[in-house]
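The data blocks that follow each hold one structure.
Here chain A shows up in two complexes: once beside chain B, once beside chain C.
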Partner chain A sequence: MISALEIDPEAKTRPLWYVYGVVPGDLIPGDESEWPSVGRAGDVELVREGALAALASPVAPSEFDQPSLESRLREASWLEEKIRAHEQVLELVLGHSPVVPFRFCTVYRSREALRAFLSEHRSELEATLERISGKVERGVKAFADRNRLAQATMATTEDSVVEGRSGGRAYLEGRLAEQRNKEEIERMAMELVEKVHARLDQEAEESTFLPPQTRDVSGRPDDMLMNAAYLVEAESPGLEHALADLRRDLGPLGIAFELTGPWPPYNFVPGELA
Partner chain B sequence: MSSRDLTNYRPGELDNGQPAQLADVLERVLDKGIVIAGDIQVNLLDIELLTIKLRLLIASADKAKEMGIDWWEGDAFLSRGAGQEALEQRLRRLEREAGIEAPEVEQRAGRRSEG
Partner chain C sequence: MTDRQDLPLQHEVTLLELVDRVLNKGVVLSGDITLSVAGVDLVYVGLRLLLASAGTVDRLNGSNGARELEASGSRS
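== the complex of A and B ==
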């Protein structure tokens, strides 16, 4: 592979352009010097092209060109810092303007290349901005304490518990009952997720499921039953109200909820532009 | 610019006021959002590999561990070279075994490394 560096030695020092997302070009940013950045603090610019603008930072090739990035990505602390900065820049804008979030580490070689991209994808970007205007993403996770769910299902499976038998038969029947109870818990968990999602979805424009996180990731002792994202009107309390109802109804069963966001609508923009 | 009062606006925080957990940020910033091939100097393959690791971690940490995959560990996982294709194939197989839907890594459009 012939790299650009071999063709143009100056490319080694010329800044690259890191893109956080795209906003309408008429956005007037506040004091950018206060902004977080994946590059130097305050180094966030609106690179305008037509009616669009990219939120971007000039970044050092020594951090973000291909060979540098490859080694940096292996440093957990570097990655967390940059990922947090990416997210924080988008969050700052989210309160002011619709924003089409880009995936982490979208980098252009020059401001001109970035503007050419905006121009080339103008219609899709404008359509996406219009669709998400005034809306934000919220995350809702539902957790269940399996023991409490098991207790709740016991009532319905009690008749299968056989007392007073002994030997192999009792063992087999015990195992069967255990198995039935396990299936019953799974069935109940599925029903709960359907019920919860149906209620929350009423308040959303769009919704999607994310893979449930394991305990290692969620940092909670209970099981994550549901990890969903909802695209909602930024100013509407509908989702919070629905969640309050669900907490009241399902709390006694040991079901807990976590609401996150508002997030930029990561889950509601096209994965790739045509 | 809207006149919205930003002082009480706490994006990315849980409703109990805690800062967003890294996993929640990761599953969005690494795995969602618009994907553009960007420019020639940054190869997205590394990001895609990270994304796969993230998916494995989120969907099935125990499974990933069983398969000998440790998040942030094993530099060979991210190293490039002759083994790349074999590595990708292995990842796809692991993903299938872990019951995770195939990511966009298989779409070559996102992997352009030369302009």
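== the complex of A and C ==
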């Protein structure tokens, strides 16, 4: 395959176009000099095509062409800076316009190539913008302190623990009780997740479960029972109210919640455009 | 728990939340240059340094993000 570089020696210095997301073409941006950027500060443009516009930045091939990108991705500080810039640009728009977020590092060779992409996927992008208009994504995680859950389930398994016996039989019965208690905790945890999700889902237009994070990732000592995303009306306090109810009802059982966002609707846009 | 203890943790969690979404979700591909499967692996190398948490990286590697990229990467 012939690379663009071989047929066009200027390709090495001509800027590439990094795309953060797609917005309606009539969006009037604020002061663009204030914008963060994955390129130079303030360097964010609306590249318009029909009724759509891409939020994009011209970026240096020395940072974002394929070979450069591959070495940059190993640099932790570069990666963090760019990931944060990607999100900050989207969040600036999120307050006053629907935005279809793109995945990190989607880059076009030219403004023309980017506009051709917008034109080609016009109907799907417009339909997605309409669907998410006025809505934002919120993340909700539920955590459980297993010891407290265990205490809560004790009442149901206590009867089977026979006191006063000794030796092998006591050991065996102890193990059986332990096993039953463990199963009981799991069952209770699943019921709790169903209950929590059913309540939150009432307040959402759409919802999706994400894989629960391990303790390493969550940075919390308790177990993550649920990791979910909800697409909600941006102005509606419904989800917060539901969460307040759940905290009140389930807090005494050792269940804790974490609310994140508002996010651009990363989890509610098509992964791949047709 | 004091604020001082909270801060570094909060910083990490927030970045991770971001990574989860920015890297694994959102409209993917159709760009001229995008993260190939190799590129995604490299992001995880960077992330390993960033988060210094093997659990994070293993979990992210297990997600279907890389597979989606691979599938659409062959289309051009």
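Operating definition for what follows: the second predicted complex is superposed on the first by the 272 of 274 C-alpha atoms of A that agree within 3 Å, B and C clash if a C-alpha of one lies under 4 Å from a C-alpha of the other, contacts with A are read in each partner's own complex, and residues count from 1 in each chain.
Criterion: a contact is a pair of C-beta atoms (placed from the backbone, for glycine too) under 8 Å apart; a residue touches a chain by one contact, two chains touch by 3 or more.
From a predicted model like this one, the values you see are computed outputs, not experimental measurements.
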Partners on chain A (chain B, chain C) - clash or fit: clash
Which superposed partner A:180 touches (first chain B, second chain C, both, neither): neither
Contacts of A:111 with chain B and chain C, given as first, second, both or neither: neither
Partner chain(s) touched by A:122 [first = chain B, second = chain C, both, neither]: neither
First, second, both or neither for A:148, with chain B first and chain C second: neither
Superposition-derived comparison: chain B or chain C, residues of chain A touched: B
Which of chain B and chain C A:94 touches, first, second, both or neither: first
First (chain B), second (chain C), both or neither touched by A:195: neither
Shared contact residues on chain A - chain B and chain C: 16, 19, 21-22, 64-66, 69-70, 73-74, 76, 79-80, 83-84, 86-87, 100-109, 113, 117, 139, 210-211, 213-214, 216-219, 260, 263-264, 266-267, 269-273
Chain A-facing residues of chain B, complex: 1-2, 4, 6, 9, 11-15, 20-36, 38-44, 46-47, 50, 55, 57-62, 72, 75, 78, 80, 100, 104, 107, 109-110, 113-115
Of chain C, residues touching chain A in the complex: 9, 12-13, 15-36, 38-39, 42-43, 45-47, 49-50, 53-56, 59, 63, 68, 71-72
Complex contact set, residues of chain A against chain C: 16, 19, 21-22, 64-66, 69-70, 73-76, 78-80, 83-84, 86-87, 100-109, 113, 117, 120-121, 139, 210-211, 213-219, 260, 263-264, 266-267, 269-273
Residue ranges of chain A touching chain B (in the complex, touch as defined): 1, 3-4, 11, 16, 19, 21-22, 27-28, 30, 61, 64-66, 69-70, 73-74, 76, 79-80, 83-84, 86-88, 91, 94-97, 100-110, 113, 117, 128, 136, 139, 210-214, 216-219, 240, 258-264, 266-267, 269-273
